[in-house]
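Consider the two complexes below, in which subunit A is the common component and subunit B and subunit C are the respective partners.
Then we have the complex of A and B:
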């Protein structure tokens, strides 16, 4: 039983009009339970679209998508996944703690249980003293951490994350990467993770899925053999650099004709 | 001092200042304006500044301290106050009816695009019906219409006319507000498989508040206008509208009298606006004060 199974999925926006965009064409992807899979590729190659298809926020034009052996829409109704978007998207009128409690409220948890979990999540993202502040009183990076806490709050079996760490400073980013790995291995969470950062993809993932644009498709899947116990030392390991090189090689083939040779547009090397 | 207190002091003093300014302009015009009005080719373009058309501020104010009619022991301020209080309660009732209908309609329109397409044009047309034409019809229901043992009281007609003017801005403003929820937030709610009702109460309504507050302000003043016009055009007893027509008849002999009632009506509108302003402060106190990017 796979956690996510995408079979021959395509997504065409505005089909049959002059504005037609082939965002994804014939995508096949299987994610096993407990696996951490990253999607990487130049801007506009359909990473967010693929994530939205898995989340059932978009219907595929063709193809089949199952999540936890159910249809994607059934999984969404069963709240099988948590999602963190590119933008934090916190509610201005709710305190930080109440924002984290939102998915729990919708699941019908009682008040005490919600408050306890929100407190726990705030400690996890290292912002416990901000519980009663409002999102607009926080910096962009802090808001993003709250959004991550919100996605993790219900301990969903599947996490879908769209560049969640893009707005964070390097230190916080590395800290959050470590925490994410820890939480996911503790709770056996499956993750599909969109990123623009090659080291981030390699450090976090069991597999890195490399995509290319026009039309959006998967060009290569790279296995990362860093093992399951990754620490800060992993960032200095030979295997880590090998992985980075492999992903960079794969990405080199993906940039379209307009991009400058060598540099892959939209993919950071840090 | 808290910023809130400072802001309310500032606002109050600006309000007092503007009232004083209007008074000064009034007296200034009386000084320099033509006694019998200004006419160009026979058309009146400037109001008359004599004491019958424009009494002095002090004679209007001192009029409050004298009896309503000669020999009566009720001073006019208490009569005006009682009338304003009566109309105020009608306005609140009208506002409540209008707000309920307005918000209800906006929720329906937000839920069903069909309803919006079918209903919105009629709502717009409804506002072009002159209130004066509608008032006698609705007031004629008073005491006659009988629904399941409930006899339609006369005052309810005035409240309904207030509601008629109040519901429209509230419906339109709330509808815009409900539609203002960002698509990313709607997507978030949908990723939680939130029901339409949960999305309405946890996302759409909170997001609509900044649109609803000004709409409710318009609705509140609409309710006052509706009630006062209903009272004036139908002569409903007890309210400030009736006092205005009664006192206007005495305008030649006692010109300051009608102004006491007019100010009463203005105070009534201010009270309603104050109502909404307080809710504004309460509802918006935890919202972003400055837009950050």
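Then we have the complex of A and C:
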């Protein structure tokens, strides 16, 4: 049973009008349980659209998408996944603990059970002392950790992330990458992760899916053989640099194919 | 505070130094004297105007909130009614009091209260509707990813988001309600409020007394403003109005 299965999915916006955009064309992608898969590509390649199709926040124009062997819409209704965005998107009028409890409230959990789970999640992201504070009292990195705690509060088997560390500074970002790997291995969560950063994709992923724009599609899938135990030392390993080079070359390919100088803009080399 | 004391002192000095006639400008000391002398009558007039303002403020706020919910729920109504509301707001609605005075009996307070209601209603409607509709797209996407219904999104995202907007509206509407109550008195009807007392005292060249009533009017306006701020502080202690200082940061 695969965690995510996308078969022949296309997404066309404004179909049949002069403003028609082929955001995604004939995408096939399978993600196995426990796998960490990154989607990378230049702006407009449809990586965020693909994530939203999996999340059922958008309906595909054609094709089939299953999550945990259910239709995407059924798995959204069952809260089979948690989601995190570039903006932490915490609710300023709720305390940190109440923010984490939100998905549980919507599931109809009782108060005691919610509070216990919120406490557990705060331990997981190592911020237990911040339960009664408000989000605006926290730094950007802390807010993002709370957002991850909220996304995982209902213990969903799948985590969907749309450039969650894009707004953080480099040091915080690397720390957060380490934390995310730790949290995912502790909770055995499958992750689909959209990013602009090549090193981030390589460091985190089992597989990096390289996409290209106009029309948005998958051009290459690169396996990263860094093993499951990744530390800060991994960032200096030969395999890490090999992975970066492979992804970079795959992205160049998307560039040459289209003779479009702007195509790789928006992908960070750092 | 210092500025106020200096200003009053200069005023007093100017009236005495240049020997300004009382019908031109009354001295603060004379005004204070009149204020104390007429305190009970000023209080009585203030309670008449204040009651009109308060009734209009409450009714207008309720109608404004109800209407903003309806408008934010049904987009087509919004497109239908908002231009009408703006057009209606652009005409000098005070003149309506004259017409309303003819519709009701001459001693009725209803036309004045109606005017206050109308002014408050627009301020509350525009602000609260904004708070209900201008929510962060990330918040809505997160709620949808949790399979939340429109009602749940309304309760957990739109309403809390609109609370600071409501208090902003009240801070504008509270003093405006007092001003509207005064000005409405200028168009006839019973001569029992602060506004009509000011005009009648000026008509009788009793400038210091008129100024004493103006002072009463200022204090009444201030009282309404303070109440709106106290309400906001009480609400924000519960954590609901906290996001005013943070909205810009996250955008």
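To be clear about the criterion, the second predicted complex is superposed on the first by the 244 of 270 C-alpha atoms of A that agree within 3 Å, B and C clash if a C-alpha of one lies under 4 Å from a C-alpha of the other, contacts with A are read in each partner's own complex, and residues count from 1 in each chain.
What we mean here is this: a residue touches a chain if its C-beta (ideal position, glycine included) is under 8 Å from a C-beta of that chain, and two chains touch if they have at least 3 such contacts.
Quantities reported herein were computed from a predicted structural model and do not represent experimental measurements.
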Three-chain arrangement built on subunit A, subunit B and subunit C clash or fit | clash
Pick one for A:183: touches subunit B only (first), subunit C only (second), both, or neither.
-> neither
Which partner does A:92 contact after superposing on A: first (subunit B), second (subunit C), both, neither?
-> both
Determine, under the contact definition given at the top, whether A:76 touches first (subunit B), second (subunit C), both, or neither.
-> both
Check whether A:221 is in contact with subunit B, with subunit C, with both or with neither, and answer first, second, both or neither.
-> neither
Which stretch of subunit B would you flag for clashing with subunit C, going by 20-28, 74-82 or 146-154?
-> 20-28
Subunit B and subunit C footprints on subunit A, overlapping residues = 55, 57, 76-79, 81, 83, 85, 87, 89, 91-94, 102-103, 105-106, 134, 136
Within their complex, subunit C touches subunit A through residues 136, 138-139, 141-148, 152, 156-157, 160-161, 163, 239-243, 245-247, 249-250
Note: in the complex, subunit A contacts subunit C through residues 55, 57, 76-79, 81-83, 85, 87, 89, 91-95, 102-103, 105-106, 134-136, 160
Once bound in the complex, which stretches of subunit A touch subunit B?
-> 55, 57, 76-79, 81, 83, 85, 87, 89, 91-94, 102-103, 105-106, 134, 136
Can you list the residues on subunit B that touch subunit A in the complex?
-> 182, 184-185, 187-188, 190-194, 198, 202-203, 206, 209, 286-288, 292
